[in-house]
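Take a look at the structure set out below.
Each chain carries a letter (A, B, C, D and E) given by its place in the written order, and its residues are counted from 1.
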Amino acid sequence: MKKYYLYLLLLPGVLFLTIFMIIPIFLTIGSTVNNESGFTIQGYIDFFQDRYFIGILLTTLRVSMITTIICILLGFPAAYYISKLGSRKKAIMLLLTIFPLLTSPVVRSFSWMVIIGRNGVLNNLLMSVGLIEEPLDILYTPTAIIIGLVHLFLPLIIVTLVGVMENIESDLLKAAESLGASRLAVFSKVVIPLCVPGLVIGSILVFVGSFTAYTTPALLGGKQRVISTFLYQNAITLNDWNLASIVATIMIVVTILIITIMNGMAKKLNPKG
Amino acid sequence: MALFTLQDISVAYNKQNILKDFNLEIEKGKLVSLLGPSGCGKTTTLRLIAGFLQANHGKFLFKDKDYTKVPVNKRNFGFVFQNYALFPHLSIFDNIAFGLRLRKIAKSEIEKRVMNVLDIVNLKGFEKRYPQELSGGQKQRVAIARALIIEPDILLFDEPLSNLDANLRVNMRVEIRRIQQELGITTVYVSHDQEECFSISDQVAIMNNGVIEQLNDPATIYKYPGTKFVADFIGFKNFIKFDKRSDYEDRIELSKSGQVFVIQKDSQMINTSGKTGAIRPDNFLIQAKDTLESPLENGLYGKVKVSTYLGRSYQYAVETSLGDFTVNKEMIEPYRAGQEVILGIPRNQMVLVD
Amino acid sequence: MALFTLQDISVAYNKQNILKDFNLEIEKGKLVSLLGPSGCGKTTTLRLIAGFLQANHGKFLFKDKDYTKVPVNKRNFGFVFQNYALFPHLSIFDNIAFGLRLRKIAKSEIEKRVMNVLDIVNLKGFEKRYPQELSGGQKQRVAIARALIIEPDILLFDEPLSNLDANLRVNMRVEIRRIQQELGITTVYVSHDQEECFSISDQVAIMNNGVIEQLNDPATIYKYPGTKFVADFIGFKNFIKFDKRSDYEDRIELSKSGQVFVIQKDSQMINTSGKTGAIRPDNFLIQAKDTLESPLENGLYGKVKVSTYLGRSYQYAVETSLGDFTVNKEMIEPYRAGQEVILGIPRNQMVLVD
Amino acid sequence: MQEKNRGLALFTFLVFIFLLGPLLIISITSFEGGTILKFPPEQFSLKWYKNIFEVKMFLTTFNTSILVSLAGNLLALLIGVPAAYALSRFDFKGKSIVNAFFVSPILIPGIVLGFTFLRYIVVIYQLPIYAGLFIGHTIIMLPFIIRVISSSLSNFDFSIEEAAESLGASKLGTFFTVVLPNIKSGILAAVMIAFLESFNNVDISVFMTGPGVSTLPIQMLTYVENYFDPTIAAISVLLMFITAFFMFMVERLMGLSYFTKR
Amino acid sequence: ACTSNENPTSEKEKPAKLVISTWGFAADFFRDEVYKPFEDKHNVEIVLDTGNNADRLNKVRQGNSDVDVIFLSDYYAQQGIDDGLFETIDRSKVANIDKIYDMAKAPLGENYGPAYTVAQFGIAYNPDEVGKEIASWKDLWSNELEGKITIPGITSTTGPMFLDAASKVSGSKEFNEDKAFEQMKMIMPNVVKEYGQTSEFVNMFAQGEIVAGPIMEMYFADLQEAIPNAKFVSPEEGGYAVMNTVNVVKGSDQKELSEEFINYILSKEVQEKSAKAKVDSPVNTDVQLTETEAQGLTYGEEVINDLLVLDMKFINESSKAWIDRWNRELVQ
């Protein structure tokens, strides 16, 4: 009786996703290991023997890694500060954090083009105060991608961490204090360890997000290709769907790997979380 | 001599006074509990002593030194929280050792002391577990151990048992009392459970609305509530506001609407000049109006409005010329609603309050 | 004649039997309450009656018709939930009218009946408000009104008062009883509060682990618990498992370890052949060992282990050759821990259970 | 102590300059009167706002974006509401798997989704590009719909369903008369959040362009490659207004907690 | 395109639909000055698919777009022809072909579309920033231009031309692939970004991201608009001819209208308008321009005849290998 209702309710969604997403994805993955003569992993062998391809993959991973680290370094203190504010101020700060998150990535990347270009706001400012003489070349470099990605994902990590920090019972901090801990000791011995799960979730979001981001590297990256622009180039400009499918599969696998590894890490760091 | 003293303390949140000219002295080695309805300021008082909160004015003296501005982490007072507040990321051992580690005590010494305190709270063998793996009562004991190990000058408990089930609550309170007495630690204990406070404390402070209404040993409070609030709080459900009070050598006569009541005068009764009489539901006498029994002392005609079976006894709501009274009586044949009865008040069962 | 009957009902969740061969008959117009510890299956029974749940086997008869498979919305039973379950998006009026609207009753008629039922539950003037704007007790009354208005054949209450504060709980139970009696609605009432059940019910069913251990009127249950579980549940905290029982004309003699106890034999006691004696803490007599008072009936030497002040009385944990007993006594000068005492058991204060 | 907090406050302030500064700058440059983006602007003018409405592609792609987001939203609701309801209401074996299944479109890289949609929905299934766009957007909205509605259902007291039933309502009747009215605001919030996700989407739409079919973000992307005048800045400002409005509404409906619980 | 119209409620006959695939450049000009009059005259609604050559051609390859007429550079048009994507053109229906330069009449064979514009691929630079004159392709290799130029990506039309230029700079007379790539490696430090569409060049130039680079002359007017001092030079070694062709896509249900449209594009009227608007250089010999009007355009018989023309067949055969080498050896 109950079962019957349940299936009826879930069926449309399951069917829809299966037909339009799951099957295509499995077919895409399948197509990379099939050719006329049957099963083959030649495509992957070629991919991983090619320094150019590996280079793109590694660059993307490196950019994502740096982005994640910067996001944590900037986001953690800011989140801590916000989590300590009174509820009204906190609400305002959170709104201000979420606002960029919901703003079109095209708009956000474009705004950085205006800022870090040779004649952009940043260079004009630095030159007018005499800090530099020649404009800095930031736009169209990996640095530009990193700046754009940090801007894209910093709100995400702040919001995640604020959520986690809010959930730390204030009694825990008081308990630590009453046992003789200074504020610094409270922070390092209680707050940080308790934030580890949130930090890992945030890092996964940022890392995976950076790894798969398209708009930002496409606009800010210059000749630097990352895995998603490489996928796009192969799929659309070069019409090489075999290679594009291999890249797509690799992206899926790497994404799943990242999530699994980091979740495992979180479990280790916080066995009883 | 008092170990510590709160002197004319005032505390306000958002301009609203929570504690007003609050005074409290506690002697070394005693367990004093703060008892009162929700929101009366018990937790606030405790947090003030712990140092989590600063008074707007007033002084906190500890061993005659001014401790008003000493920060929490320099006070060396143990705090046991209602929801345990154990560190979820640390094992039981590390939870308990937390305070010692901050004091840079040698590893072997820490080990010894943790084991010792685990023994005191009956938790040997649990040191490797994590808080999530313990039951409520065990968690509470870890919280106590964690507070005990720093050899605190004062131990503070904020409703430590209210999250536990009834049986455990009774066992734990015996345990807490045992440990407190064994180690002779001065303790402030907050609860709103009257029985809990009475059973555990050397002294009970009944709080209302930011002030202490009465501070006494439990038996005195039970028998001689000093104010109407206290009387009501500890179960004197019936009040009679008399018009006139006349004190004699051995008795006090009270009258209302021409009806005269006589009560015994004893040492406690002299302290108050109150004219409100308070009686517990259990302490009335009751008989049917048309009974052949001997007349009741301080008798009063009334009519049963509602009769409820409580198991142990019947409870009657009785309407009289002096107001409605709640009366409990164990009996086989209960009175029915509508029946006319006579209520009696034994002369030693009514107390006078302000 | 029974209005409805549960016949050999079994209910299982995930292969685990919650109710086992459960039988219950309820007569028209009666209020029967289900009382038992948490998890014993009270809610399950109620939900089964309501039709939210299907029995694995067994039958539910209503007015001698098989109702086992009748869906909820065809049963016309009123259900009052613990958390009120009012529709937050509807006004009080619309909440109450909900059931009538589904029955396509004329608007004017609805209006009349809602007003009438609002009158019964004392909520006239509240019809325009929304549930969020009511206090707990008012919400509970709306919930009752909503269930009443469909003129249900049976009214089902699942711990309707457990979210209310103590005072309100007492008032509301009187209210519920009044309405139930006024309208003569057959009612099943679930609670785990003993006093509440006793005060409100015609009959109380004590449940344990999916079966009814005893079904009787409240006074009988209070006085003569049929099983050890029931005795324990309603406050007989002390048990003595005797080796031997000998029934005589006017008394029963019981012995353990050579010690003989005599209790009164009355009509109820014949029903059981149990050899376990049960005594309430309040019903012991106690005196100091070296007293000059007359010896106690069914006397027993012991030693006070813990003495706790409860306000109303002292509570002693007494160690004897027959085990530890919990004894409550009102007194001025309490016994101290370690003191040797004699316990007495009045011959009409011990009951025998299976 | 105070000092340390002040340092932290300053740090946070700088972080927010970094987050919001670019958006502010781009808003200001949209009022530049010249043809080249400059900051600070040299002349004030609203002409680039006017230009938005003169470039036909902006209007057509805006319409497409709105249409796709709304239609996709509707379909995602039709699929997602029952699923969210089932997931919140019932306990069943494999529930967490089904849950993960419905949220999976978030986990798969957008660009990969876009590519597979192009390859299969458009090329193999032979559906028109419009349909591809519509289906693709429905799929990426689905997780948001399900998540937000589930979270609003998680506060929902299902015993009111039983109350309705015991008063004589059928199962379907119960859903429409007591469940739906009570999760209205959750549904509205879900719609808005999903709408923003879809409306701003690039990864999928970038593969789904064709004659006369393109979405606003893609058009903006193309425009940025072709022109560097303040039109994009002006559009950005308008989009930020939409975002701000939606956020305001969601905050009203669900409270901020929606955003912090991820 | 889908022209079937079974909607009886619409009163006026719904116009036919002509789908044109073209670059995103100068969209407003084309819409108002070119498409609009054609739409009005033929009661047709023109729908655009815009993007760079490669992307648009691929969409046609994938067979899911309903493009009728496609504008492509010769390089890409050749690919389309090789893949059999285009209809043959009935030249009798395109009378204006007779009026254009010979070179433009059938750059890819008689069966396929003409070039509607011929552009010169040369060098543009900002003399204020470069500080010296640029006269030849090899000047782009100068150290002083480090991080200041852009070059066309190998997948864009002019990519192979620049590769050819690199070969020339390396000193080889004939095209030498290895030497060309050697030479390309040396220029990479100067390159900030490859451009896929010329408009990106214009953007970067206007923004000061680059100060010089190889570009088609027809875009020079836009450069000047942003940087009035900008200069365009035909390099000493020679500029290249870029021929933008127009073709009808196979499977079009509007073949006649498409040919009509091609004819229209070649007409003096349109050619003159786009020349005067400095959008495209004219191929129609009837178009007469003054000197100022001709500035920035590739105009005049001699100029046209001097341009280097690459063999598109050869390029197409090699392009896969080049793209590969390019990605492998140059990018990163």
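Just so it is clear, contacts are C-beta pairs under 8 Å (C-beta built on N, C-alpha and C of every residue); 3 or more make two chains touch, one makes a residue touch a chain.
This one's a predicted model, so the numbers in the text were calculated from it and none came from an experiment.
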Every chain in contact with both chain C and chain E is listed here as D
Over the chains that touch one another, what is the least number of steps taking chain A to chain E?
1
Chain-chain pair with the highest tally of contacting C-beta pairs
A-D
If you average the Cα atoms of chain A and of chain B to get two centres, how far apart are those centres in Å?
55
Which whole number of Å gives the spacing of the CA centres of chain B and chain C?
29
Take the average of all CA coordinates in chain B, do the same for chain E, and state the distance between these two points in whole angstrom.
91
Quick check: what residues of chain B touch more than one other chain, meaning two or more?
none
What residues in chain A touch two or more of the other chains?
120, 236
Among the residues of chain D, which ones contact at least 2 other chains?
224
Quick one: which chain pairs are touching?
A-B, A-D, A-E, B-C, C-D, D-E
In their shared complex, chain D is touched by residues of chain C numbered 50-52, 72-79, 81, 83, 85-89, 98-99, 102-103, 143, 146-147, 150
Applying the document's contact rule, which stretches of chain D touch chain E when the two form their complex?
35-36, 54-57, 122-123, 126, 128-129, 209-212, 222-228
Spell out the residues on chain D that touch chain A in their complex, using ranges where they run on.
1, 4, 8-9, 11-12, 15-16, 18-20, 22-23, 25-26, 29, 37, 39, 78-80, 82-83, 85-87, 90, 92, 98, 101-102, 104-105, 107-113, 115-121, 124, 135, 138-139, 142, 146, 171, 196, 199-200, 202-203, 206-207, 217, 220-221, 224, 232-233, 235-236, 239-240, 243-244, 246-247, 251, 256, 259-262
Which of the residues in chain A come into contact with chain D in the complex?
2-3, 5-6, 8-10, 12-14, 16-17, 20-21, 23-25, 27-28, 74-75, 77-78, 80-82, 91, 93-100, 102-108, 110-115, 120-121, 124, 151, 154-155, 158-160, 162-163, 166, 183, 201, 205, 208, 211-212, 214-215, 218-219, 228, 231-232, 235-236, 241, 244-245, 248, 251-252, 255-256, 259
Residues of chain A defined as touching chain B within the complex
169, 171-172, 174-182, 185, 189-190, 193-194, 196, 270-273
